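In what follows, chain A forms one complex with chain B and a second complex with chain C.
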Partner chain A sequence: MVENFLAGTSALFGDPFTVAIFVFGVVGGMLFGAIPGVSMLTLAAILLPFTADLEPAQGVMLFAVIYCTGTYGGAITAILFNIPGAPENAPTAFDGYPMTRKGQSGKAVGAAVLCSAIGGVASALVMMAATEPLANWAIRNIGPPEIFALVFFGLAVASSVGGRTIWKGWMSVLLGLLIATIGQDPVGGINRYNFGFTDLAAGIAFVPAILGFFAVSEIFVQAEKKATGQFDAPKVGMSFPTVLELWMHKFAVLRSILVGFFCGILPGIGATLAAFMGYGEAVRWSKNKEEFGKGKLEGVISSETANNAATGAAMIPLLALGLPGGALTAMMVAVFQMHDLEPGPLVFYNSPDLIWIVFAAMFYANLSILFIGLIETKTILYLLKIPFQFLAPLILLLATIGAYISRGLVLDVMVMFGAGILGFLLRRTGYSIPGIVLGLILGKIGEQNFAQGMQMVHYDLGTYFSRPICSILIVAGALTLAAGIYRAFSPASNSA
Partner chain B sequence: MNKLLGIGVAATMMMAVGGTANAFECKVTEASMDKPGGFPERALTMVVPYGPAGGSGQVAAAMAEGVTGLTGVAINRDHKPGGSGTVGMTAYMTSPADGYNVLEHIDDASSAHALDSSRPNPAVDLIPLVVSQVTFSQIYIRTNETRYDDWNSFVAWVKAQGGKATIANVSKEGSMERVTMKFITDATGMEIQQISFDKGAPRYGALLGGQVDALFEQPGDVRKFLDADNFKPILTIFDERPSVFADVPTHREMGMDFDPLLRFRGFYVHKDAPADRVKWLQWAFQRGYCQDSYQAFNDSKFMNVIDSYRDTAGARELIARSIDQYRDVYKSMGMDVK
Partner chain C sequence: MIETVVWSLIAIIFFGYTFEFNQPIEIYKFGATGWPRVIILLLLLVTAGNLYHHFKYGSAIQKGRVGIAETDESPTDYSNPATLAKIIAILFTPFLFAYLLKPVGMYSAAPFFIAAVIWLFGERRWKWIISITILIYAILLGLFVVTLNAPLPQGNVSPFYDFSGFILKMNTLLQQLW
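Then we have the complex of A and B:
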């Protein structure tokens, strides 16, 4: 492995043009990841035709690098402005933005930079060591019932985050689950709650909903404070997390690497579930659960470690089996095909040089997050000094463009503003915005896999428990729910 | 050994496909055509009702490259996924009928009209410019499967399971896959649970990992698994054996007497678009099909195994026949045909 890695490194940095492509991918991924709506997918779609003129290894490497740095890029806007660059950065905003409000933006961004790099590098190392056996294990042991059980467990764990009371946290998640049912059902294709509007048959897209619930509702909240003379501008905090602070979160980092890697390896799941599950696990293992959603460093650490840990893992089913884990890895299949290659077992046999250049590039791209991230952080934090009356319209403009651009539907802009108004009202009454987003995103994944799982077990729920991983996750989720109900009935919760 | 065997099979397939490609003759003889009144003066917009990474996204990109290479006219692809293609179709129908807007769509548009006649009929409410991909479906099993190894043993095994056997497909209400599976189960008397996966990766992963017992798919979509010797076809749902799959029996040979439903992808323009512009677009897209880059793309997708080309008249005939077929089946299934 070391010999192959060194050979990949040599090929990567031995050619100036390849180095230029690598640098372009690193910077481009970060930039496009940071702009809401205009995600790394946008950059990848723009670049796709041009990869035909590159060497196969250069083309695939470029996309792999964009995947690594783009996943990190969205964390910056999530932390500074409550605008997650992509759904996989949404959990980062849960605690990252409250930290900014408390004047701890530097600490949050610094932790995101470091933990994204750690998660990505760890993931890349495991990817290099064990791609084929891990991919084969995953597809044999993880099917729709297990993915549903994983989502159920994740919802049970994280459902109480951010609500004023446990009940309000759960109500928020249920609202998110309800919104997730809008559109065609994932198995039969039957329209639900579209009220005759064709565009609603496609359901509520994640990006406009996230922009509305986070960015727009936040602007409404701050505008109200401005109007009532209660506005308190976020302070620019330049202090980075100390070594001691980071060391105190070593188990959170390790846990998120494992969770992120596990989620990333599942075909069709990817970094979004990883981020939510990483965050959820942080809540579950914490002794101070009530601090999450209010500006807890561990929330940022867990989310950002997990989503970047999913990047290397998502390459495993792609390269070993030809199964993309998400939209960007699906585009990588097109890059392979443009060069008459197919990802899958034969790639290791036919193009080992390409594989190791890609592996090396992903490793160094994750390291680059650390260096470039720390340099840019010093500059980017000063964006917070822009006065609210200028910043708010700019954010609204960017969010509106971001909501529209992904599908070109006016409906998505309406959804964004609707979500913004709903979020504004719900926040005033103590409901949880993270809970709604959690329900919306995990609800779609969970429902699809539940329906597929039910078909697989012939509509016999009991059969779920004959699958070991599935039964463990369901039992763990049920116990978590039971503990939550117990806490909800305790006097401390009701008095909140 | 398996890998070597797989490479051998892949090489044989490539040679066979290559033979098909070498025999290709472009049916549009005019190498160039004057732009009517200067049209198009700017880039065309192609509405694609599916995401960029799937089959439709890829064929749209390949055709756009072919047409642009031929004419120098840029084509911007506007992906509007969702609602099994209805979101993109609705957006397209409300766009200006000036010839600058074209649509990519698949046979789902035909089946949607068959079920609900208020939905646009692609052969009547639109003008097909070209159908550039026509393919058939197959049933696949894992190559290392030990419980059955051909169609007859598969059917016998499925019957012995008493309805517990599973097959992965896209079995949404009224889809080509579900209708074809009804034909098959009616003809064989077997009962099999269909598991609907709307994305390719989890669908193929389900068969690779043994989560399901078989897979219903088109050969171009699983080519890499055939090349890698992971999957093997045990039934071709087509009237004759394509040369590339000469060892695989057809459904008719296995005693199933139904007309196969084909998967097809094509390009359309509004029926009210100016006639001279439509004529130019027909030439550009039909000739674009002949471009080397497009033919190489179709080759890579097993899309030249049978004749993938339909001009406007041929596309209308294909669509009309499909709509009639779907409508008959929907009625026989007791579905609410409007």
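Then we have the complex of A and C:
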């Protein structure tokens, strides 16, 4: 492995043009991740046609690097403005933004930089060591029933975060699941709930909904505070987390690496569920659960470690099995195909050089997050000094473009502002925005895998429990729900 | 009580609509309605639970709940009608902007939207409103039109459509210079 890695490193840094592409990917991924309204996917989509002129290794490497640094870039706006750059950065905003409100933005961004780098590097190392065996294990043990069970467990955990009562947590998740049923059903392609709008046949897109629930609703909350004279400008904090603070969270980092890596291997799940699960597990294991959501460093550390830990893992099904885990890895399949290559087991034998250049590039891209991230952080923090009345229209306009640009539908802009108003009202009445968003994101994945799983086991639910991973996840989700039901009816949990 | 009525109405409306797509799927026993109907049933159950909780324990935060931001819970004084009017204006200005995107287009509507938001957020110095509007508009054009060539809504009503055409023509000329 070491020889291959060194060979990949020398191929990467031995050619000035390849180095230039690497640097472009690192900086571009961070920038596009950090600009509200656009994302690493926007950059990848723009660059896709140009990769035809590159060497296959350069093209695939560029996308892999953008994936690593773009996943980190979205954390910056999540922390500073409550605008997650991508769905996988949404949990980072839960505690990152309250930290900014408390004047601890430097600490939050510093932790995001460091933990993204740690999660990404750890993931890259495991990817290098174990892509082939892990892929073989995954193909034998992970199928639709396991993915459905993981979604069930993820939703059960999500309902315990954010709502004023467990009932409101559940209602939030169910609302998200209900919104996710809008559009074609994943099995028969039958239109559901399009209310006469043909554009709704494609469903509610995640990006407008997330921008609405987080960014637009936040603008409305701040506008309300301005109008009622309660506005308190966020304080700029330049102090970074100390080594001791980070060392105190070593178990959270380790746990999030494991959670992130496991989620990353699963096709279609990837970094988003990884971040939510990383956050959820941090809450579950914490002794001071009530501090989450109010600016707890561990919240930022857990979600940012987990989402970057998923990046290396997401390459495993892609490279070893030819299965893309998400939108960006699907674009990487297109890059392979442009060069008459097919990702899959044969790529390890036919193009080992390409594989090791990509592995080395991902390793160094994650290290770059640490150095470039720390250098740029202080500059970015000065954005907070811009008066909010000037920042708000810029954020709203960028969010509008971000919502419109992916599908070219004005309806998506309407959906975003509708989600903004809904988010504003639901936040005021104690519902959970993270719960709604996770329900929305996982709803379709859950339904699709449930349907496939049921067909697979001939509608015998008992077969689910004969699959070890599936039964563990279902039992864990059921226990989480049972604990919630107990608390819902227990006088001790409800006394003032 | 209002909450319960709203949630029940959502559940009833969504359940009613399931009959519009209640078609069998040959390869899948539960059809297109199975999944949404289970969600609706669960939503009704949880809504009833929420009502029970409200009557028994009130609307206080349950012990052990996590992730509730303090800013979401702060009480707000709406006794002044001007404050309420301002909030309503802030909530609906973006909708008006979104509605105008199709006929007017992004290039013509954006400057007015930017200026309106700055004004609604309390800025009253006209020099600042105009200069910040120009700056944000320049960022919009520089980043999304010149650099990314992003296809933004152009409008379909004259003279707004013509103005969008003019901006795009200028962009093409600029690109040719490179």
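The rule is simple: the second predicted complex is superposed on the first by the 489 of 496 C-alpha atoms of A that agree within 3 Å, B and C clash if a C-alpha of one lies under 4 Å from a C-alpha of the other, contacts with A are read in each partner's own complex, and residues count from 1 in each chain.
Keep this in mind: contacts are C-beta pairs under 8 Å (C-beta built on N, C-alpha and C of every residue); 3 or more make two chains touch, one makes a residue touch a chain.
On a predicted model such as this, the values are computed, not experimentally measured, just so you know.
Once the two complexes are overlaid on the shared chain, A:Gly203 sits against chain B while remaining clear of chain C. For chain A, the partner with contacts to more residues, out of chain B and chain C, is C. Of the two partner chains placed by the overlay, only chain B lies in contact with A:Gln337; chain C stays clear of it. Once the two complexes are overlaid on the shared chain, A:Thr429 sits against chain C while remaining clear of chain B. Contacts of A:Val221 after superposition: chain C is touched, whereas chain B is not reached. Shared-chain residue A:Arg140: touches chain B; no touch with chain C. By the touch criterion stated above, A:Gln455 is placed in contact with chain B and with chain C alike. In the superposition on chain A, A:Leu394 makes contact with chain C only, not with chain B. When both complexes are overlaid on chain A, the residue A:Gly183 reaches chain B alone and has no touch with chain C. Residue contacts after overlaying the shared chain place A:Ser471 against neither chain B nor chain C. Chain A uses residues 187-188, 190-191, 408, 451, 455 to touch chain B in one structure and chain C in the other.
Chain contact summary for the complex, chain C toward chain A: residues 3, 7, 10, 14, 17-18, 21, 23, 25-32, 35-36, 39-40, 42-43, 46-47, 49-50, 53, 56-74, 76-78, 83, 86-87, 90-91, 94-95, 97-99, 101-102, 106, 110, 113-114, 117-118, 120-123, 128, 132-133, 136, 139-140, 143-144, 148, 150-153.
The touching residues of chain B, when paired with chain A in their complex, are 3, 6-7, 10, 51-54, 58, 61, 65, 78-84, 86-87, 90-91, 163-164, 166, 171-175, 193-199, 201-202, 204-206, 208-212, 223-225, 227-228, 230, 300.
Contact residues on chain A toward chain C in their complex (touch as defined above): 35, 38, 42, 46, 94, 97-98, 101, 160-171, 174-175, 177-178, 181, 185, 187-188, 190-193, 195, 216, 220-221, 223-224, 226-228, 230, 283, 289-290, 292-294, 387-390, 392-394, 396-397, 400-401, 404-405, 408, 410, 413-414, 416-417, 420-421, 424, 427-430, 432, 434, 447, 450-451, 454-455, 459, 487-488, 492-496.
Those residues of chain A that touch chain B in the complex are listed here as 45, 48-49, 136, 138-144, 183-184, 186-191, 198-199, 201-203, 267-268, 317, 321-325, 327, 330-331, 333-334, 337, 340, 342-346, 349, 407-409, 448, 451-452, 455-456, 458.
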